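Next come two complexes built around subunit A: one with subunit B, the other with subunit C.
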Partner chain A sequence: MARDLVADRLAVERRREAARARTPLQLAWRQLTRYKLALAGGAVLVVLYVTMLIAEFLAPYPLDFSDRSLYYAPPVGVHFVDAQGRWHLRPFVYAYRAVDPSLPAYAADTSRAYDIHFLVHGAPYRLLWLIPTDLHLLGVTPPARLFLLGSDQFGRDLLSRMLYGSRVSLMIGVLVVLVTFPIGMLLGGIAGYYGGVIDNLTMRAVEVLAAFPSFYLFLTLASVLPPTLSGGARLFMLSAVFSLVGWGGLARVIRGLVLSIREMEFVLAARAAGLRDLKVILRHVLPSTSSYVIVAATLTIPGAILGESGLSFLGLGIQEPSTSWGLLLAQAQSVDVLTQFPWLLYPGLAIVVAILAFNFLGDGVRDALDPRQRSV
Partner chain B sequence: MRMRAAALICLLGAVLLLTPQLGAAPPHPSLPGLPDPKVMVGEIGQYGGTFLDSQVSDPRTFNPVLAQETTSTGPLGYLFEGLVEDNGQTTETEPALAESWTTSKDGRTWTFVLRQGLRWNDGQPVTADDVLFTFQVVYDPRIPNSESDVLRVAGKPIQVAKVDARTVRFTTAEPFGPFLRVIGVPIIPRHKLEAAYNAGRFNQTWGLNTPPRELVGTGPYAMTEYKNAQRMVFVRNPHYWKVDTAGHRLPYIDRVVLTIVPDQDAHRLLFQAGQTDSYGVRPREYAEFKRGEKAGNYTVYDGGPSFGSQFLVFNQNPHSGLPAYKLKWFQTQKFRQAVAYAVDRQAIINQVFAGHAIPEYGPESPADKFFYNPRVMQYPYDLDKAARVLAEAGFKKGADGVLRDADGHPVQFVISTNSDNKDRVAIANIIRQDLTKLGMQVTLAPESFNTLVNKLVESFRWEAMVLGLTGGVDPHNGQNVWKSSGSLHMWYPKQPKPATPWEAQIDRYFNLAATTVDQNRRRAYYNQYQEIVAEQVPLIYTAIPNAYVAVRNKFGNIKFTAFGGAFWNFPVVFIKR
Partner chain C sequence: MLRYIIRRVILLGPLLIGITLVSWAAIQLAPGSGNYFQSLVLQYPQISPSTISALRAQFGMDQPPWIQYLRWLWSIVHLNFGLSFAYNVPVTWLIGSRAANTLLLSVTSMVVAWSVALPLGIYSAVHQYSVTDGLLNTAAFVAISIPSFFSALLLLYGAYWTRLLPLQGLTSVDFDFLPWWGKILDIARHLVLPTIALGLFSVGGLMRYMRNYLLEVLRADFVKTARAKGLAERVVIYRHAVRNAINPLVTLFGFELGGLLSGAAFVENVLGYPGLGRLILEALLKKDVFVVMGTLLIGSVLLVLGNLVADILLAYVDPRIRYD
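And then the complex of A and B:
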């Protein structure tokens, strides 16, 4: 009995030892793996970002492709069994047949099946902006069209445009974080570390910024962007607009954290060792705020995605022919379009999925990085 | 005196000509105290019932002289009328408060005779003094109104003189072709408004806080109630001067209730909930409303092409700050023609107007039965032809797919339009796509309407725009667009003198048509202008949507036209039992 107890005790001791030996990051990862929702969110995001990178390969049609006779076409059905009840090895689609162009209403023309081909040659592009190629994952022979999620008012493939649009929608969050966080952390760090007049000035500036109704500020700033900006340049300008408004809140929290961190022994030690102030802030103070920063980042990204969607929805964000999920969703703005062509809501679904994934992941990361929530 | 003699001879001639037919026609109806009412053609209806109407946003004044926006002029149309009115079906001008008129030989003098026995809705008689008072107010420089500009001939006001209690004589500085189209200003009651006018308070009279019963008019209805942002109620005017073919005094319907809604979608919901009796259906809503006809117990009427046009315009203004080479493209007729060939009007009709529109090539709509000229140059969609025309003008498409002018400048420009109008944004997008195929680099810039208007009339800093205009029957109303000195001559407004020979030609035809009284000769002049515009394409027209209205089936005598609307003959519209 006694030996068992001792053995148990030793085992626990060993486990603790092992736990202590792990780096904080490893601990956090172990913790994170217990939140299934967070993992799922992370997985969805990985899929989304990979799709975004190889959008040209996955999209059946180029960005500005349109079939003018097939506007507002519903999603094409993918079949294995044809009208005669025969099985096909390859999935196939039927061509659309206009029933009433004024409604518009389409039916499948079942007289001929069009096989879906994989790895077909189509419009040339550069994969990952590097490798020139013309291979596309899926394709069908015209007159059949592979409108897997239907087409829009101009007869453009919604799925393809969602894939291209994901570039804007998913990149803008990352860009905003890349711009906002260095500014917010540096200014917050300096304000908290020095205190006094610098702190006062910075924080008053943050308050002035916070006093603006942010969405109206976006509207004003976005409306002065020149219309000739290319899609990419516009994306950067919009990120700059969001960042201009976004750094304040972050700076304020960082400053609060730094106020207590600067009194800690390791900071005092660093200063006693004669390090320059900036180096102390960058090397010793700010890294201690990392757990908060990571969480804040995962929650800032969805905010930027929604902000861009809002601006594009109002016609001030990304402009045709470039696209984003918000701009795509703007097509479903009126009641009559919504009721007649419900597939135009798919971009909204994409936004919801991306935002939820970020939020779940952010929640999980926050818990994982919080030592008080940690169980061994 | 000579004039009256001539008029008398004219009248006698007319009577003599009509005499053989008079025997067959039913006797002209008359009412006690109203010997010669206006007869409105239509099925004999029944009295009673309420018409539920709706309009977007509140009126801004009840003063018919000051009213400018349709939210004010719309409801006031139930209350006030002019000497003449337009027939909604034939688009011709007909007698209204005036029972007849004559023109002098030189076309400068018009004599109008008021209908005998006309009364204001408070029972007072309508006299020539009311007409004189109305024009005195309209021409008063202290009173801001849109009529005073329209009612000027060669820059001078029309002289108005009283001949007797029922006769008024108008004299214009020179013969004025569209005289009958402009003279129908709403007549206002002198006995109600003269005191305020003499005291200098006219601009504050008949505001929204006026007790509705104070609003005294000659129209088929009188207002009884106005509640801000809620509704207006009108009741039948018992003194009205129109009758049906059997001699019953009109209007048939007792009450009109006009609900005020914030926007068109709210109006649509009201209609679908059965709380209004009519709704102006937009082309893209047509299919949905057509399907709901039976369940909603209404009919969707097709008025054919409307007066609204949508077009692309290039900036040709040398004071616009555009680089000289761009200005040169836009001033090149072949460039504009090539773009006209590249407009896929069928795609616009299908995708923007759900198939309920017709292609448009000239400045007037076929809804204008009299002045529309169908034989103008047409630009059917043909990208090859467009490319050929561009090549003729010296533009070359390089191996890189970029179109360049003769000096090597790549063709790139921005098409602006107002972002709140989804139809225009879509039209611009379809045009952009085709121009891209020609090798042009076109950027789309949806902007706020105010920004756009500012660019158009003040800064002139724009390259191309997709815009729309609403037209009317008489092309004369479009002179601020078409004359080179016009403020809405979009591609180069307010020119000191015509910049091009063809603009000088258009100016000439507009001036000729304005000073000609013979309508057939006027039509010939306006035909010329339409042909020049179609050849020079300063505005590249796209499509004219059809006009639709949904009206409940319980109404009789509905004769919907794009020009007059569903209720131009409202006095004879009745509710079936």
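And then the complex of A and C:
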């Protein structure tokens, strides 16, 4: 019994020591790493974002590649054993053979095996927008096609287009956060710090924005974007639309936090030291909201991904020839296409994986950084 | 209580004006919009310019913007939302029939979602850290991560192969010839897919909320007291804990009430359901501006009213809330 007490006391001492030696960031990291699902989510996201960066290298075909004779081709089978029952060391595919020239119906042409080659030379591109190269991870010699996830109505490789499309789908979340958060934080900070008329005006504007069903507002604003915009410009305009609608909610919460922060002594000290108001807000008040902001950011990104894919799905977001997961999934909208060519559903799976990963990570980050909001 | 309600209703006035202003500006001030008649000329070159200007005058589109806005405002005060260019019927009539369909779907889905999610959430909280709890939690995470248009597509695929349920729309081709019970059955069968697609997300979210709130309450002192005085566990949970965990859900209920008209937009579009979400998309694509403005306005008014109802409900069920 006495030994237990001593051991307990020692353990408490050690824990205190450990707590003293850690910065809040280290504590948060420790908390986060305890939450396995959040870590798994984070790992998936790292893979997704790396994949996005080197999409040209990983994609077997360039963005504008199409083989019109192989429209709606099913995913190609990767084999090790050929029709004669011989084993191959190298995985291989068969070329497609049209069963009926008037229909998208194909069979494997088993007369010849086409080896899958690694690190092949193909269409030139710039790796990470810098290094000019023409190496691709995978490739087969034509007429065989490496449509690992099948092809669409124009005979374009679905996997390649998903890889390129991940750029839009994964970037939009980051872009929206980069635009929404400075605006929302600054306006919320100013409203909370000054109070009075400024506060009143800002909050009434926020209320009007919040009164709209946000999806209708997205639809309306997206539909007035000029149809002539290029892919990149459209991506930025869409993020602007999301930010225009999204800053309000953030500003409202930040204002609430600032209302109590501005009464604290360190803010008084900063003002007594003669700092200008804007500097007090930016350097002393807003940094205190950082834990909420980080959590809100991780949970804003999946919302933006959802918004973009939804708009693109309805034909108001990203337009051909650019691509995004939502736009790719839009091909599966008609019952006939969907039921005959179900592989067109894969882009939807990509959306789910990305959103799920962000949600897991966001939940873990919230538990780690903001114990008040902790879900038990 | 009454004073609180009256004050809230009075505050709605300026908010409604702001809503009309934004609804109007979002459409009219954007480049290339309001040109419905111009795009008509591209489609049918035989229309003479004088017809176009006559039509524009008829809809008041030759006036300066602020006069157009005031005229529109004046007419909606009289519950006249203008005419749909594309269908040539009053917007109120168009929105009314579509909104009824959307409400039917949303309310069904909401009832189903709440009656599934609350028991699951309670079970999950009471059996915290059990295997079922873990599975339910993960399932809830997946449910809130599936976009409704994707779940609708998956359901469509499943329904096609099983051939158990109708795939599109609200009624069958032979609807008009069915007896009254056949009509109800027909609509019910058509509602199954959209209800599931729409409800999946709500079930996931609601379940997580219910579980978290209940867990929070279960740690409170009054629950300990209830147990200490020897109440049955069932009574402790259902009479004491759940009753208190419901309060935050009332706010949520208000949000859902507000989103009833707009939440189903994706599912409607994928499953060909004749609702408000499909109407606004079609109207946007056709630049049918009065329909768009009307739908935006109706959607937001319902949202605001939903929030109001939620606040009043909350004040009613939770006597701890002071309203001064």
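Following the convention adopted for this analysis, the second predicted complex is superposed on the first by the 356 of 376 C-alpha atoms of A that agree within 3 Å, B and C clash if a C-alpha of one lies under 4 Å from a C-alpha of the other, contacts with A are read in each partner's own complex, and residues count from 1 in each chain.
Everything below uses one rule, namely that a contact is a pair of C-beta atoms (placed from the backbone, for glycine too) under 8 Å apart; a residue touches a chain by one contact, two chains touch by 3 or more.
Predicted model only: the values in this text are computed from it and were never measured.
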**Item:** Which of subunit B and subunit C A:V50 touches, first, second, both or neither
**Value:** neither
**Request:** Figure out whether A:V12 sits in contact with subunit B (first) or subunit C (second), or with both, or with neither.
**Result:** neither
**Request:** For A:F360, select first, second, both or neither according to whether it touches subunit B, subunit C, the two together, or no partner.
**Result:** second
**Item:** More subunit A residues in contact [subunit B versus subunit C]
**Value:** C
**Message:** Quick check on the superposed pair: does A:V335 touch subunit B, subunit C, both, or neither? Answer first, second, both or neither.
**Reply:** both
**Prompt:** First (subunit B), second (subunit C), both or neither: which does A:S223 touch?
**Reply:** both
**Message:** Contacts for A:F212 in the overlay, against subunit B (first) and subunit C (second): which applies, first, second, both or neither?
**Reply:** second
**First (subunit B), second (subunit C), both or neither touched by A:A83** = neither
**Prompt:** Between subunit B (first) and subunit C (second), which, if any, makes contact with A:A233: first, second, both or neither?
**Reply:** neither
**Fill in**
Going through subunit A, the residues touched by subunit B and also by subunit C turn out to be 223, 314-316, 333, 335, 339
**Request:** Can you check the complex and tell me which residues of subunit B touch subunit A?
**Result:** 265, 268, 284-288, 344, 347, 350-352, 354-356, 414, 416, 419, 422, 425-426, 429-430, 432-433, 436, 443-448
**Fill in**
Per the touch rule, the subunit A residues reaching subunit B in their complex are 64, 66, 68, 71, 100-104, 153-155, 223, 227-228, 314-316, 319-321, 333-337, 339-340
**Item:** In the complex with subunit C, residue positions of subunit A that touch it
**Value:** 37, 204-205, 207-209, 211-213, 215-217, 219-221, 223-224, 226, 302, 306, 309-310, 313-316, 329, 332-333, 335, 338-339, 342, 345, 348, 351-352, 355-356, 359-360, 363, 375-376
**Request:** Show which residues of subunit C lie in contact with subunit A when the two form their complex.
**Result:** 14-15, 18-19, 21-23, 26-27, 30-33, 128, 138, 141-142, 144-147, 149-150, 153-154, 156-157, 160-161, 167-168, 208, 211-212, 215-216, 258-259, 261-263, 265-266, 269-270, 277, 280-281, 284-285, 292, 295-296, 299-300, 303-304
